[in-house]
Amino acid sequence: MKKEQHHSTWDYLESIGVPDLPGRTSPFDPGYDPITLESHLDQSAHLISTLKISMACWQVANEVSTRKKLAAARIRNVPTCTGGGPFEVAVHFGKLPQYLDLCADLGIDRIEAGEGFIDLELKPGEVVRMAEERGLEVQFEVGKKHAGTFTADMVGELIDQGMRWLDAGAKEIVVEARESAEDVGLFGDKGQFNAAAADRFAQAYGMDIAIFEAPNKPSQFALLNHFGPSVKLSNVRIEELLRVEIYRRGLHSDAFQHENLRPKGPVK
Amino acid sequence: MKKEQHHSTWDYLESIGVPDLPGRTSPFDPGYDPITLESHLDQSAHLISTLKISMACWQVANEVSTRKKLAAARIRNVPTCTGGGPFEVAVHFGKLPQYLDLCADLGIDRIEAGEGFIDLELKPGEVVRMAEERGLEVQFEVGKKHAGTFTADMVGELIDQGMRWLDAGAKEIVVEARESAEDVGLFGDKGQFNAAAADRFAQAYGMDIAIFEAPNKPSQFALLNHFGPSVKLSNVRIEELLRVEIYRRGLHSDAFQHENLRPKGPVK
Amino acid sequence: MKKEQHHSTWDYLESIGVPDLPGRTSPFDPGYDPITLESHLDQSAHLISTLKISMACWQVANEVSTRKKLAAARIRNVPTCTGGGPFEVAVHFGKLPQYLDLCADLGIDRIEAGEGFIDLELKPGEVVRMAEERGLEVQFEVGKKHAGTFTADMVGELIDQGMRWLDAGAKEIVVEARESAEDVGLFGDKGQFNAAAADRFAQAYGMDIAIFEAPNKPSQFALLNHFGPSVKLSNVRIEELLRVEIYRRGLHSDAFQHENLRPKGPVK
């Protein structure tokens, strides 16, 4: 006879006022093994917006392993997205159709486009159309990988650029922070967070469309402190996902100090 | 027919004078996937004193995954302990009984109590009694998460506080070092180790009761260099556990330089 | 009926001129769990020259776990090699024959010899002969763990020492960089890469015999930038192996800037 379980974690969290949030974080896979990844998905699928299969790692891995990862995500209803690097390499060599064919064949749901290290001569509408013909969505990443911290002028240009992609059918806009969140995008050379620039992206696109790369603890905490639990984050290492999600819900000791994150407490 | 194995690792270690130590390290799980954790337990259960299910991560994970982890520990006779954060959140919201019910239901063996970021108005005896009624042990963590490095006066007060918890029935006392071992507890702003303060805790409680958080390589090596192989450590990442345990046994190239750690060599 | 897969990753990479390189990286296992390690081997065996079972971690782990790891490598045709630390400890205690017996019994293919923290009185020929009698290959590591960055004089002496080992039958020579690549071997106190010294090793031994330890991103990228895709690397964490291998093939956004790494593009 099955032992009855009287107490569930979720009931407990509800009793202290922790909100039931949808997945707002896109963790990335920079080269985990398939079994570890699948077990993480078992543990955390409900906390994930999109799983990013990062960089070109999946291209040099054993293709069977890559297909296993993508299948593991699919059966748990976790959408998958490639990183911007392989897109740019494909464009550079004039092989975008072949790249998109490959992504579609592997069962990827979305590709990321960007101009991180190349200049893109294709128009947003062309890229989106080519992707959609193959059943793929597009998200666009604003920011250069090697151009340092955003200036105020750059922010304005990048916002306009993102708008053109949204108008062309892109689903979300990602703000670049690489793996370091230092001397890139919204982050200064010591990782200082430029809240004013972040606000401009958030206001331009709205909190459902803007995604902020937050690859390490300081950038994750800075973005959650500033925007509160609704901010969309990406480039979170999957073994750090739960830490980000307890911070988002005010259950981390540092988050508990912040009025906008701390659980509201029991309903009186 | 089974092939006979002539050589065993343990016989070899015994031949060079490596002592057969009981588990003195409490690794923590800050959000690993269940399969990785279980495979680590296969590899290292004999080296573990208690497995710490860290922070509130287990509260936002899929509860099935959390229960799998706890079951994996139980069948290998590895006791489990929660971190202090969820205890403090529960106390803050007046939900300690519900929190303890949940921990007991999940099959956790021990909870950690502390005043890392709240002030606790409950008396030690009350907390211990409530836990024991549910079959749970208690360990207490001394130190504040946000108060920096210990001063000499603080050490005296913390020792007294820990003593009150031991008198009330707590099993062990943990000395806070967070995830950084910098600017917290026994560690200065560059991670310098305060050996004199560590000695005061060790003398007050004894080496079987005092547990030192040692979340990174410098803090792990400093504590083992100072106290030798018998020191109890916690907050060790489980993928770094074997490195700590070879250091403890003098088999790491850096530990080999230390008289108190180096294996004694073959018996003459 | 099996669905036909029209697009393969490898065909795509070939179409943009990515070379089909043999495994030139020796990742190390500093204490992963066996299931994670095996799943990494599924994903990346084709990218691995030798799997290094690092430090003495395998000696304190559950021996069943160690044997599982070695079997997982063997059935995928990945050769295994121990680290230099346990060799030196064995020599210090006069237990080299017993150590070699143990390695052979476990099914290890190769041992690393060195004088990282002891002075070796055995001649290279003696060590190689003892290993070969047990079916083991030998590689030799040049450099001291605690002597800091190489001087020009040291490089000359180390090259001569490595030559004596090669003459005695050692298969490859490893240049020490520990886990930090700072203030050790080819790397200065801030990790600056000494390209002139690296060239001397490469010229003395050739690119098939010289292996450079590259334990972190700056050292990996510096060595690949300097030598191009053929350089042999070791001490790469296995979860970072794919990142190293996309860098080696010019598919990483930083590598794409380098003429000697960037894929050659489609054949005209």
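Residue numbering begins at 1 within each chain, and the chains themselves are lettered A, B and C in the order written.
The rule is simple: contacts are C-beta pairs under 8 Å (C-beta built on N, C-alpha and C of every residue); 3 or more make two chains touch, one makes a residue touch a chain.
Given the structure is predicted, the values throughout are model-derived calculations rather than measurements.
A.B. asks: Chain C and chain A are one sequence twice: same or different residues at the contact, by the over-half rule?
C.D. replies: different
A.B. asks: Fitting the CA atoms of chain A to chain B, what rotation angle results, rounded to the nearest 5 degrees?
C.D. replies: When the C-alpha atoms are superposed, chain A turns by 120 degrees onto chain B.
A.B. asks: Centroid from C-alpha atoms only, then distance chain A to chain C, rounded to Å. What do you get?
C.D. replies: Centres of chain A and chain C (C-alpha means) sit 33 Å apart.
A.B. asks: Would you please write down the residue numbers of chain A that are in contact with two or more other chains?
C.D. replies: 35-36
A.B. asks: What residues on chain C touch chain B, complex-wise?
C.D. replies: Residues 30-36, 55-66, 85-86, 88-90, 92-95, 98-99, 101-102, 104-106, 116-117, 145-146 of chain C touch chain B in their complex.
A.B. asks: Chain C touches which residues of chain B in the complex?
C.D. replies: 5-10, 12-13, 15-17, 35-36, 38-40, 42-47, 239-243, 245-246, 249, 251-254, 256-257, 263, 265-266
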